[in-house]
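The letters A, B and C name the chains in turn, as written, and every chain counts its residues from 1.
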Amino acid sequence: MLGTGILKGMVETGRNFLGSYVSEDRLVTVQYPEQRIPRQEAARSFPFLVFDGSDPVWGLRCVACQICEKECPPKCIYIIKDSLRKADHIGKMQFQPRVFDIDISVCMSCQICVEVCPFDAIKMDVEVDFSTGDRFGGLLMNKQRLAKPNSYFHKIHPSDASEVDGRLAADRLKAQAKAKADAEAKGKPAAGPAGKSFAVGKAGTGSA
Amino acid sequence: METLEQIKARAEAAVPGAILGILLNSSPSAQHSLVVDNEHALAVAGFLRDDPQLRLDYLSNATGVDWLDREVKESNITRQVVDGVERDIEVTSVRVVPGYLEAVYHLYSMELRHGPVILRLRTGNRSDLVQIPSLTPLWRGAEFQEREIYDLYGIQFTGHPDLRRILMWDGFEDHPMRKDYVDPDDFEYEPTPHDEVLERAARHYPTTK
Amino acid sequence: MTPDHAHQKAGGGGEGTLPQAWGGPSYELRSSPEGDGGLLEISMGPQHPSTHGVFRMDVVLDGERVVKLKPVFGYLHRNHEKIGEGTTYLGSMPYTDRLDYFCSLTNNWAYALAVEKLAGLEAPERAQYIRVITAELTRLQNHACLGGFLLQDMGASGTPLMYAFREREKILDLFESLTGARMMCNYMRFGGCRCDLPPGWLEQARTVVAEFPKFLDEFESLLNGNEILMSRTQGVGVLPRDLAINASITGPVLRASGVNYDIRKAEPYGIYDRFQFRVPLGDHGDVYDRYMMRVLEMRESIKILEQAMAAIPGGPIMDPKAKIRGFRPKAGEAYGRIEGPKGELGFYLISDGSPNPCRYRVRPPSFINLTVLEDMCLGHHVADVVVILGSVDIVLGEVDR
């Protein structure tokens, strides 16, 4: 009979409409921003720089190797090396960035910088509210705005952060054991390799 | 499916005068291709489409490639008598291999479910001899793709029913996919704080900085 | 006519004929017998709600009937291929997400497949299964949305689309917990996948897939017998079989015209030869068949998903030979193609041994499927043009690249 198909459809619509009064599954709209769905652990928005300890300048894990700058597909990372050096997690002297800018109006959240970083220094944030009146300056994140403590990394990506911490601790143990072995072999007290020049470019592209 | 050598032999037999070459591909994909001369390209392609053993009825992909002029260094060792002593003298010369544009067609058979057979058509050079025959009369699927090649590479397809620009606008003059294409610098770029584009654009828009 | 006239069948289909010898549609204007001969040229788009993006059609009308239709592209053109030549192989992966932004995971797969062919890499078993699962989930959400959009184009404003989006949300949540992003997933890598499935993901996915047939039943009882839907779609925009093959049409549009060609069966990539599924085929090649193709393909995708999720093994997810930094394939070329939700998605790459591809080409299914838009629209009303365009299923990010 003509019209039965339409009637059947109407019944279906009615079932959904009335069902929304009883079944939670049919109420799918979330009233953002008053109401928010829990964030997924893997979620990502824009990159940030991790620092260890409490000093956001000297604790930065970044060694200004510029791999992420080269690999970034939309070229939104801008790094200038500093002439001052700092010790990294195993006590090796490394460069550090004087300027580290990420233009998040260009960044497309692909997380390739995170993947290529050999030092676990850059990670993905989950913050999404970046609305600003200043379209250029407000969306240009400098080193101060990008630096976030390791505890924040633990808060947003707990399993990833503990894995990284484990890896860094293992590196440290290995480095200590090596230093000890070297010291025993040479019969000298173990000294930090401070003052020696290290080819950071090589350390970056190698399997550090 | 037959090997490319067999296809080449049969195509040469079917289309008298056709000059076919096989371009070997050294990558693990081992997708070798057939280079066809422009004069007989349509006939060879027609043979590939209609031959009962091949039936390549489906033109999957048509695309252009730009090969720039290349400098090839050659060193020849010649024997010369210098100061009364016969010596080997190495003479290096730089030869310029002229560049060309290339249209690459990937053919498959929907009926017999095999493929790909890759056809390559080459232009004489990159400036004035850029005509190659269009395969649109055989495969309608080439229509938009050849228009795109014309638009982005500047290959003129003779016999194409509607050869206009497709992605760029009509007044546009250059061919943006060519390797030597230079971006216009007065373009309305999205300015980024660390882009040299800003500086270049500032010349055209003195008020921006 | 019965609602299930697009039933599955073994192969073959109605023998269509080309409209003219070739020559395609004629490019000169002609008036229809009942028209008054006064022709009106209108420009549909680029800001038209029915064009699914910034797409324009120059339509010449005789009364209400279309006598000429020329698609105009390029509003979203950003020279994706040039960008691909200017960045590393890995750097192009996030850009492929933005081609067909509904199906980023199948785009990733097509590109990864082409690079794997070029460099001789092989994804390990577990990664292959993950790829199948994510690709079929992508197909589910793409086809569900297409159904919604198509109905929206016909004037069923909101309801079917919102039902489809409700289901899509569940799949996007799965993508987010796996890849970190809902749409721009950037998940697959050359020789595997970026990260392993998080704990509990497979159970969640099983629940979503198990509930999906319920949605399909609901969707079908909402729409399939609907008289308005049938009269708007049946016999509209017929694409003859021979023209479909000749014009390189692929995907559900091709199969709706009765051509049994699905790359998952014809040239199985990945591990598709291990799964039992059927390829739905249409009979008439009209809009209704194209719509039904999607509905039936969703049922087949569910079968593939069930088999894949039952058989997924453990193990590594990356080829040990694969490199993230300093990836330089040897000189050569490769063309890799997959059956994307919209049709054959192919990537053609030429390497000269440098870190950037020498040539990076995308074979976009929605762009090439538009070749026959004029042939399908001639003689129909303007309102049908909207429906026919909707049934081709285009995404302008991919058409214009």
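Here is the rule we go by: contacts are C-beta pairs under 8 Å (C-beta built on N, C-alpha and C of every residue); 3 or more make two chains touch, one makes a residue touch a chain.
Everything numeric in this text was worked out from a predicted model, so none of it was measured.
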| item | value |
| --- | --- |
| Per-chain CA centroid nearest to the all-protein CA mean | C |
| Highest C-beta pair count, chain pair | B-C |
| Cα-centroid distance, subunit A relative to subunit C, in whole angstrom | 33 |
| Distance from the mean Cα position of subunit C to that of subunit B, given in whole angstrom | 28 |
| Chain centre separation in whole Å, for subunit B relative to subunit A (CA means) | 42 |
| Touching residues (chain side subunit C, partner subunit A) in the complex | 3, 87-88, 90-95, 97-98, 159, 163, 166, 169, 173, 176-181, 184, 186, 194-195, 198, 218, 221-230, 324-326 |
| Residues of subunit B touching subunit C in the complex | 25-29, 31, 57-61, 63, 65, 104, 106, 110, 113, 115-116, 118, 137, 139-145, 152, 161-162, 166-169, 176-177, 181 |
| Complex contacts: residues of subunit C adjacent to subunit B | 22-24, 27, 73-74, 77, 79, 81-82, 117-120, 243, 245-249, 259, 261, 266-267, 329-337, 344, 346, 348, 350-351, 359, 361, 363, 367-368, 370-372, 400-401 |
| Subunit A - residues contacting subunit C, complex | 2-6, 8-9, 12-13, 16, 28, 40-44, 67, 71-73, 108-112, 115-116, 118, 124, 205 |
